[in-house]
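What follows are several structures.
Two complexes are shown next, each including chain A; its partner changes from chain B in the first to chain C in the second.
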Partner chain A sequence: MSTTMERPPVRAPGPEGDARTVALRSRARNRVFWTRFGMQAPSLIILAIVLAFPLVYSVILSFQSYSPVDAEADGRFIGLDNYIRMLGDAQFGRAVLVTIAYVVLAVGIETVFGTILGVVLSRLIRSRRIVTSALLLPMIATPLVVGLMFSFGLNPQFGFMTDFLRALGLVGDGGVLDSAGGAFAALVVMDVWEWTPFIALMVLAGLSAAPQAQIQAAELDGCNTFQLYWHVMLPMVRPVLIVAILFRATEAIRQFDQVYILTGGGPGSATTVNDIFQYRVSFAAFDMSYGAALGVATFAVVATLSAILFRYLNRKGADA
Partner chain B sequence: MSTSTVVNTRAIVTRDAGRGRSAAPSAGRSRARMIQIVLGIVAAALILVYLSPIIWLVITSFKDRVDIFSSSPSLFFAPTLENYRQAFLEKGFTDNLLNSTIVGLVSTGIALLVGVPAAYSLSRVRKGETFMMALLAARLLPAMVLAVPLFVLASSLGVRDSYFALIAAHLTFALPFTVWMMRGFFLAVPISLDEAARLDGCGEWKTFLRVILPIVKPGLASTGIFCLINSWNEFLFALVLTGRHTQTLPVAIPSLITPIGTSWGQVAAVGTITILPVLIIAFIVQKHIVAGMTGGAVSAE
Partner chain C sequence: MSHSTRYAPGRRSTAARAALTTGIITVLALAVSGCGGSSSGEVDPDAADGWSQEFAGTELNVLAEATLNSEILAELAPEFTAKTGIEVNIETAPFAQLVQSVTLDFSTAQGDYDVVSIPYDYLGAYAGSGYVEEITPLIEANADRVGEEFDETDIVEGLWETAATWDGKSYGMPSNSAVTMMLYRADLFENPEEQDAFAAEYGYELAPAQTWEQYRDIAEFFTRDAGETAAGEVLSEPMYGVTMAGKRHEASVFEWMNYAGGFGGGVVDADGELVVDSDESVASLEYMKSLGAFAPPGFTSATWDEVTANLQQGIAAQAISWGDTAGAMEDESQSAVVGNIGYGDVPVAAEGDEHHALHGAWTYTISTQAIDKDAAYLFTAWALSAPVQKKIGEMGGVPATRSAFEDPELVAALPSWPQQLASLENALARPRNAEWPQMLDQLALQVSTALVGDSTSQKALDDAQSEIEGILGDKLPLKAF
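Let's look at the complex of A and B:
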């Protein structure tokens, strides 16, 4: 193979160089360009086909009226009608409220528990590996099966969680999922169960990267353990914690699998989170164009959250 | 000067503490050990309670119908493999298992084949940041946003209920994930290695294949494993894009649950088989799990 790639040590003697060197160098630059192109282009092409094109198509679809089961909705353009309909849709409004309540409650509880758990994990020495392995299982398990596990545990006839709650006198005969509050609480508990370890692992990573000198200095200054964690170490892990919370938030907003199998959005619309609502619009009522408009709106919200996330990611990179 | 004072004080403190401990009577030490044992038992019990939903699912899969519905403490029962036999040999869940495997392997293969060179190339240029952020945005994109257009496109192309449609859909997250994760591993390899290989007469492709790729082999393995797990666990795309012939395991499970006469034992058996490979594999890639969970945006350790 030829060796005309960039070779820093072998340089032309003068800054101008003669015509031959210039030609050689531009050929080398060309080759570098084509190698890079060869490495990156296949990814770009595939992403353009499977990702960018469907997204653009989705935006176009949201300005149309299209449904495969309705002859009237044949794909003609109706302008902003879908978006206007969205603003006046009481069911959508309810779904948004349920989603907000769900995300705030679940992620909030996870943050508190996860931070405590992360600190506890950081103090374990010999057993940390075993405990971490156990904590990993729920978040790596298939989300649908996580929903299934709680469906088994909360089954009114044979679930062990139902038995336990019944013994405490908290549930009646119908089981937990029968009441609106119970079903919603079950979803939050399930999410906390599944994702608290994620926050804990992030906090653990942040703690082990924290500069030791300042911690020792604080110890010498007579901080007690609580002061040490609250005033010294928490500020150190805050960037990591914020990234973790934002990640969780963008994921909780699109919660679907577990809800689909555990409650299906019911009873009534008590647990109809945004994605369940969209699923019903698009794939039960087959109102594709309205579904696309809802998707575009969701995308806008998630994109905003992601933009905030990027800022923190970048800042963390600058600190490191 | 002040630093050295701190260090000295620290040394004195630790030495004192050490002497105090060694002088303590052995009764105190044995009590400390007792406390440790008790704490250990409490911790083990807590972990058992924490994992109880998983344990309950697995136990249920070995019960027959009578044992499942018996209200007495049902930890003692005669285990049976009947549920597994019926679900996988009679009801055809083996096909779903096969579908999951095919889709997972092919989409992971394509993502690695195409994404790894791109990740290497992006790790060696200065202005790759915008592209990387776009890729992360793709990773954070709600699946529901893509499900609608993919469904309409797949329907109009007539490729619903084909492996092609589902694999294409899985590439929407597998490929951005691969590029992000692998770029992190490539960034950890010092660029001076590239330069050395270049001086020895390697072209960019040769440098990548012969020098850099072997170094990141562990990273490559865990990226591949995470791609497999993500594809295996994926539900929504599979739900809307597959039909009778291409259903993956997660999609097949809800169809077993009916308002009347659900055979919960079989549901549990299929659920157990679905999570089993994932849980086993998770132990292998434990070190990279935070990086994997955040799509390579944050790396622990």
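Let's look at the complex of A and C:
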């Protein structure tokens, strides 16, 4: 390291001078390192407190038997029991399936609609700003408010959404939330309503940044509009789209507020997504250690998923 | 580096001076606020009214459920301060948040709260973990410190037993006497045309249901479309025979437990054995499901909030609901049925059976981390003293003493009063063991599954039984519950 860093000396130093220069440089490098470290220390310490500590604590808790409301579950170590219990827990399995179905459906529909919407937006000239601003509105609302809005709209007695769906003959007397399929569909629609604009805006940004030369070349070569979008512009926005999907997928996996407000995870376990299940285990049943094991497992899955997606993204980025 | 060491002592001395100054200011500020605190502890001996003033200046933090009772108490708290010199901060939170805050506070021994009103089914969890003080020694030790207005023998016995007794010891005093009862539209029941039509159709007189069969008949009879008539008036919107909670929520489980109690089923029998999948329990869930045909649409996403609203709007003829909603029924600003609601016992399977309501009590407990347990006890005793209990009744809350329920003025003014006391005397308790929260979660899941028809009542309760057996393991049969 030191040899590569050395520059040609201005005057030929003696052997002791050489050693002194190396020592001085090493000290200087040390100082630079500690200065940089010192500058970043506050954020690193905060990060360690808010991220690393809870994670480590959760991992430790997941090997214990602990419940604050059960004197017998006093925090003794029970090895892998919580993880073994998780593997045999049919209700957890169901929650995982519901979560997967929810994420795939919601994010999938958002991606298709969002891309189409983004393309349409890119073709608007005068009204683009107004339409883009209007599209931001659903995203600005907090998830809890969106949940409450749909909860009122879908009320089986006086909800305007229920009335509308009833007029179309799509739902019966009991309303949308009366059946497993209806309640699940309501959650997917709610997420699509709120987050399709996000994908659309990302696509719009990608299209705006696309190199015009290639697009013009394609036009000169006689591509029709569909071909231009499908074969030229879509591949250009793909990296942006994947980032958007990644964001949405990690958000959707953590879905909680809207489900809690709208269905409470029911009817039955039809809308019990993973986070609702974990909330019930940890804060309704106060089985903290099993809840921690579930949390650790979820973290591992989400981290792996993110790593795969980032890797894919990097490769595609390199290809582009 | 050398530069920094050379200047460091100077800086340090500056820093030290700054720290010292800050420290002095802080100490002065604390001293000043301390003085302020002690001056607020001064109390007029003439206002004592028999209550001890030796804890004057103590500040108590109380956490209570977000109900009318707690609001009323917060309003009356200055009276307690005037008598005893004890300052009280009353914080309220809804059920789920309260349970989470309390559990966190208790389990981390933070001692943020001195008196906590808990739902009684968490008694085993908190008393079993040693988080709350036994009350009997405090009653004895403070017998001379409480005013004559407080008499612990006046607390409704069955209510106190349910609210505070765990494993043979008493851990608090009831803060709220919520109990279930049957609410029905007395104006419709007393209408001669309706009475004649009912007698013609069912072959017996229309009267408040005594049995579940009658309850169902009445539900069917009063379920009508918009445009039909009820008590001679054309209905602008449909009317329903019942309103009920069916969401995946504790409200549905408690609703079902009323039916189960009448059918002879339930969760745990007298010997501590699980009876969730017994024939009686299954029949009661099947019965609850059959009532769905006469309930407002979407009852499977309703909790007690919707039940109360449906009754207030006058679109339901009957409900099994909580007595503490009676105030809302008689409140002209929010109810369309003021003076039209009758209150009766929860029906039974066969005439002659014993009626059973379900307790929904809350309990004042004193944290083992309380700043001063005697002062905390004085507050709970004051909250249960006769004048405060009467005021709770007058202001629309639900008291816990017999004298308040038998007070002639209150009986004359509050139509639900006799039934409140009758229900309190025949009510059953939910299990209170430490695992109950987990059991409740499983029951909520399975009751909801059966009500929407995703599984049969038999399979739902079989599943609940096996899950709960897994939760309880070798603790079955339960010794304390």
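The criterion applied here is as follows: the second predicted complex is superposed on the first by the 272 of 320 C-alpha atoms of A that agree within 3 Å, B and C clash if a C-alpha of one lies under 4 Å from a C-alpha of the other, contacts with A are read in each partner's own complex, and residues count from 1 in each chain.
Just so we're on the same page, a contact is a pair of C-beta atoms (placed from the backbone, for glycine too) under 8 Å apart; a residue touches a chain by one contact, two chains touch by 3 or more.
Please read all numbers here as calculations on a predicted model, not as lab measurements.
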Three-chain arrangement built on chain A, chain B and chain C clash or fit: clash
Touching partner for A:Tyr102 - first (chain B), second (chain C), both, neither: neither
Touching partner for A:Val145 - first (chain B), second (chain C), both, neither: first
Partner chain(s) touched by A:Ala217 [first = chain B, second = chain C, both, neither]: first
First, second, both or neither for A:Phe184, with chain B first and chain C second: neither
Touched partner set for A:Gly174, first chain B, second chain C, both or neither: second
Touching partner for A:Phe160 - first (chain B), second (chain C), both, neither: first
Which superposed partner A:Val69 touches (first chain B, second chain C, both, neither): second
Chain B versus chain C as contact partner of A:Arg254, first or second or both or neither: first
Partner chain in contact with A:Gly265 - chain B first, chain C second, else both or neither: second
Touch count on chain A, higher of chain B and chain C: B
Set intersection of chain A contacts, chain C complex versus chain B complex: 68, 155, 157, 283
List of chain C residues in touch with chain A within their complex: 1, 96, 100, 103-104, 106-107, 122, 125-126, 128-130, 247-249, 296-298, 300-301, 434-435, 437-438, 440-441, 444-446, 448-449, 451-452, 454-455, 467
Contact set on chain B toward chain A in their complex: 6, 9-10, 13, 40, 43, 47, 50-54, 56-57, 60, 68-69, 71, 74, 110, 114-115, 117-118, 120-122, 125, 133, 135-138, 140-153, 155, 168-169, 171-172, 175-176, 179, 195, 198-199, 201, 203-206, 208, 229, 232-233, 235-236, 239-240, 249-250, 253-254, 257, 264, 267-268, 271, 274-275, 278-279, 282-283, 286, 289-290, 293-294, 297-298, 300-301
For the chain A and chain C complex, residues of the former touching the latter: 27, 31, 67-72, 91, 155-157, 173-175, 177-180, 183, 263-270, 272, 280, 283-287
Contact footprint of chain B on chain A as seen in their complex: 1-3, 5-9, 32, 35-36, 38-40, 42-44, 46-47, 49-51, 54-55, 57-58, 61, 66, 68, 127, 131-146, 148-153, 155, 157-158, 160, 163, 193, 198, 201-202, 204-205, 208, 216-217, 220, 240, 243-244, 247, 250, 253-254, 256-257, 260-261, 275, 278-279, 282-283, 288, 291-292, 295-296, 298-299, 302-303, 305-306, 309-310, 313
